[in-house]
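Below: a set of structures, written as structure tokens.
Consider the two complexes below, in which chain A is the common component and chain B and chain C are the respective partners.
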Partner chain A sequence: MLRFIVRRLFGAIAVLFAISVLVFLIFNVVPATNPAQRIAGKNATPQLIENVEEEWGFNKSLPEQYWTQMKLIFTGKVVSYNSHVNVDTRIREGIPATASLCIGAAIIWLSFGFLFGFLSAVRAGGFTDRALTALALTGISMPVFWLASILLYYLTYKIELFPASGYEPLSDPGKWFSHLILPWVSLAILYAGFYSRVLRSSMLDVMNEDYVRTARAKGLSSRRVMVRHVLRNSLIPVITLFGLDFGVLIGGGAIVTESLFNIEGVGYFAAEALATQDFPSIMALSLFGAFFIVLFNTFVDFAYAYLDPRIRLGTSAT
Partner chain B sequence: MPPESEKQGTEAPIPTGTGASDAGSGIESDGARVIDADAGDGRQGGGPWAIAWRRLRRNKVALFSLAVFLLICICCLLAPVWANHVADTGPNTTHTLEKLHEGGEVKEVVEPSGKAIGPQWFAAGGKFFLGADGHLGRDEMVRLLYGGRSSLFIGIVAAIITTILAVIFGLLSGYYGGFTDTVISRIMDVVWAFPVVLLALSLGIVLAVGGLVIGPIHVKQSSLWIPTLIIGFVYTPYMARPLRGEVLALREKEFIEAAVAQGAGTTRILFVELLPNLMSTIIVFFTLNIANNMLLEAVLSYLGAGVQPPSSSWGTMISEGFGALYSQPLLTIIPGTAILLTVLSVNVFGDGLRDALDPKSKVRFEARAGTAEPEGSAAV
Partner chain C sequence: MSATPETSAIRADASGGPLLAVEDLRVGFATEDGRVQAVDGVTFELEPGEVLAIVGESGSGKSVTAQTIIGLTRSPNSHIEGSVRLSGEELTTQSESELQKVRGSKIAMIFQDPMTSLNPVYSVGKQIVEAIRAHDSSVKKSKAREQAIELLGAVGIPDAERRVDDYPHEFSGGMRQRAMIAMGLALEPSVLIADEPTTALDVTIQAQILHLIQDLNRSRGLATILITHDLGVVAEVADRVLVMYGGKVVEQGTLDDIFYDPQHPYTWGLLGSLTRLDQPRPHRLPQISGAPPSLLNLPKGCAFRPRCPHEFGKCKEVPGLDARLSEDPGHRDRCWLQPEQKRKLREIEGRIGLEEPA
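Up next is the complex of A and B:
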């Protein structure tokens, strides 16, 4: 197991490196305009552009540029030239809000995803299955931000059921909770629909396996077969998805939800940076997001190896 | 081998070429018959496509969804007809200071307070059918139809780009294996590990500033092709991976061995032997990809990294409408409903296609048709 973990960690570092190269290429090589000008922002003076050119190394060769820029980003020295705020500080300030949003939403979507997926797999073909499938398909066919704005309009403005928006720190749990209900729900709906569909089809595949028939033939109760044998073995695709999705969100991927509900987290910062075309911030945020995705993917690999020893043995043998 | 393929063999004395396809079709029809028997409709024969079509035809919900989707496409294609003959205005024409004469009444398109006129339906002869869009006073219906063209264009063309790239990468890395596979797979891993929305946004924002220059081709920054290319690119690994997996499995099958033994070239094996066997996966992915693309387009446009103003797409319309959410919620609701209807119809149809094409969906199908006892029926 230890060997497996070490291997995976090295793999993760390699992927992170490749991503940093990709980010570098996207922001420095792909666009057709002067990179220093873009970094310095829209209203930059020629003097500032010159400074940026020096600091970001645009007058040097590409590998040197890469090195200079990564050093700036990873030592937390990147400063947005639009708002004159250190990007690192901004991100760190946003983490509590983003984490509150993502963890709450994840609890909701996992509960409903599992419940709905399980029910519709168990009742495959029946009315419950059809109704839940229709519900899930509708859930995955909506733009999240559209749903969020409709909820905002009807539930906070029309009937004033929830407080308008904004984020309240956890020090006042009641306020914190009531301000987060709507964002949680609107973020969770898409994922709940998606997870219930994935779990359903994965369970239907597993139900066809021989060992399930064996378990039944042994005389185990249906409940036991479904929970112990079918559900447990259907978890792998759901865990894969969860690692990826949760990593995206916690790394600031809930850009739209956060900006709609005025939750000043990492995603809110990203939306702001995008709107003002604040390139240093966008670069740092991309790397920050990628870091969490790779981290959670690595966790997923560990979870796999724990759930299914064949995976662990299979990879360490090659 | 079933006796009929022996007969075919004796009837066709030319051993090369046809022999390979015989082996292929033999396997296919063999598999198809098993599925057919399992589906329990008692009919024999027909290729796998015919069987898939029969299954699809029975799925009324999927067919209805296809009809809805096609109807939406046709409406959007006819946008200029509505604009020129009914509404008499263009998608970007402003009517800020104009007045509407309805019967004896005179209404301002945009009130001095900045509130735009609501839906008029046919009261003004089709003008401002869905009202106007905020202080600029543009015709919402005309914008909706033209916006739909952008959204659908991006959804469909990006899906075509994804499909082409994914098929090429999937075939090459699955069939060649070794070094080619390692390189392609690792690149895919990196793109995969990058958050789709963030990657698309980064590219979108970078290209929205400077435009895209590839050699002699210069794509203008306001071009629809920029979001299209970006979306087509970012979803490629999601389709290439499963295709690669399938090629890996197919590569070991007898009909490929037969083709190699008969001296078929690599191109022939890739495109004549392997590709047709991937078709059902490709079709399903392509369909569901359209749905995802349209949603991603909406997010990108909403954040300013997609379709650039003054062009409209359903995403930009939602984001424009959001500015006036509390005074005129309809401006947000209308384009969102259009996206929901279109994407939902594509998703439902794609689901039906998967059930019809994917042999693995046998369980689902049996359960639905009620021919086999649903395995979970006794549980819980």
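Up next is the complex of A and C:
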């Protein structure tokens, strides 16, 4: 198992390196215009462009450029020339808000996804299944921007049930919680619907497996059969999805939710950077996002190995 | 195992009835194409220590019969009639939770494909422990584990102490089937249902598993229902044989009855398609022409009629499962032909077989 983990960690580092090279190429080499000019922003003076060229090493060879840029990004020296804000500081400041939003939403969507998916599968074909299917499809069909606007309009503006938008730090837990309820719900509903569908179909597949019949034949209770034998073997597709989805969101992918609810997290910053074509920020954000996607996919690999001994032993034998 | 073979075998109940009695069992499934009568009026009895073989092609209803005994075919889409009694106790009317107490502990079942019949994510030992503790949760895990090691040793897994923590994929096919049998034996059941236990295994392993089943049957008095399509397997271990076709029993009798005096043309066909080392090799192995009937649309009258070269007018009526030989009332079959006719018709080149249609 340890060997497996070490191998996967090295793999993850290699992937991250490849991504950083790719990001570098996309932002600096592929576009035909002067990269220094784009980095310097829209209202750059010739002097500034020259400074950027010097600082970012655009007059040097490509590997040197790459090295200089990574050094700038990873030592926290990149400053947005539009807003004169340090990009790394800005991202770091956004992390608590983004993490609060994503972790809370993930708890909600996993709870409901599992509950509904499990019930649907156990009662497949019955009324409960059909009702939950309709509910899940409704959830999947509601885009976040629409749902969030509706919730905000009715629950915050019309009946003032929830406080106005914005993020409140965790130092005041009550305020933190009440400000996050609506964002959590609007972000989670789509995923909850989706996950319940995936779990349902995965469980229905597993229910037809011979070993489930064996489990019943040895006299296990229906509940034990469903939880220990069916559910356990149905987890892999759900975990795969979760690694991807959660990695994207925590890496700044909750752009719509954060923007609509004025949560100044990483996604909010990403929206801002994209709107103002703030290249240094976009580059740093791309790397930041990629890091989390790779990180969570590595976790997913560990989870696979934990869930299925064939994966663990299959790789350590080589 | 703490119990001796004498105590582990549950003898027939006080009333002197059979250990397991299946009476007029009918199992139908509602499908999109209509109702399928998979089992149509099957009756048999199983005595303690007996090996009963149920033989038939795919779709003859033999597996469904077996699974219905322990209620595994229950579903909103299935319709079950008739009676299954274990030591006089009716099983078909029991609730799911009552049946759970019977499954594994009184009637154990092993399946065709040991490759897929064990859960890949739990160690073999864990799955045996689970079976033990499902019926008596007061058994400590460590105690159950010791018992699992003992069981694995008893079914011939070498180095059971070490292998108990292996996962199914680390076992070979034969070892997995042994592990399945060990799991089945864990609670010292009185009946073992083996649903094609050797079909997925290669020939040498097949023989080993059959001998293991036979040993257990003899040493523990474990009554066994052996489901198979392989008459070679039947010849090795069975005491009595039930031949099924189209959801019905078409012939039943002792092993000798079926092999030396078969009454139903379908049985002749099965016997004729068997390779035998003690007889000259036919230039081409005979087969039964045609395919088993669709259960959705069974032929009127005798279900074997469309494939039978000896069909005549009377075959449009369903023959009853009757004793047609005055000297042998236990030997029953569903064929309208006269016994004397049958003895003549089944003789092909000096051996029993079914004539190829012209």
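The definition used in the following text is that the second predicted complex is superposed on the first by the 315 of 318 C-alpha atoms of A that agree within 3 Å, B and C clash if a C-alpha of one lies under 4 Å from a C-alpha of the other, contacts with A are read in each partner's own complex, and residues count from 1 in each chain.
Operating definition for what follows: a residue touches a chain if its C-beta (ideal position, glycine included) is under 8 Å from a C-beta of that chain, and two chains touch if they have at least 3 such contacts.
Keep in mind that what you see is a predicted model, and the values were worked out from it rather than measured.
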- Figure out whether A:262 sits in contact with chain B (first) or chain C (second), or with both, or with neither. neither
- Item | Comparison of chain B and chain C by chain A residues contacted | B
- Query: Which partner does A:222 reach: the first (chain B), the second (chain C), both, or neither?
  - Reply: both
- Task: Considering only touches as defined above, state whether A:233 meets chain B (first), chain C (second), both or neither.
- Result: second
- Message: Between chain B and chain C, whom does A:125 touch in the aligned arrangement: first, second, both, or neither?
- Response: both
- Message: According to the stated criteria, A:290 is in contact with first (chain B), second (chain C), both, or neither; which is it?
- Response: first
- Item | Doubly contacted residues of chain A, that is, touched by chain B and again by chain C | 125, 222
- Touching residues (chain side chain C, partner chain A) in the complex: 70, 72, 76, 96-97, 100-105, 108-109, 111, 113, 116-121, 123, 130-131, 134-135, 167, 169-170, 180, 183-184
- Please name which positions on chain B make contact with chain A in the complex. 186, 189-191, 193-199, 201-203, 205-207, 209-213, 291, 295, 298-299, 302-305, 315, 318, 322, 325-326, 329, 332-333, 336, 339-340, 343-344, 347-348, 351, 360, 363-364, 367-368, 370, 374-380
- Note on the structure: The chain A residues in contact with chain B across the complex are 15, 18-19, 22-23, 26-27, 30-33, 38, 121-126, 133, 137-138, 140-147, 149-150, 152-153, 157, 201, 204-205, 207-208, 212, 222-223, 225-226, 248, 251-253, 255-256, 270-271, 274-275, 277, 282, 285-286, 289-290, 293-294, 297
- Spell out the residues on chain A that touch chain C in their complex, using ranges where they run on. 125, 209-211, 213-222, 224, 228-229, 232-233, 307-310, 313
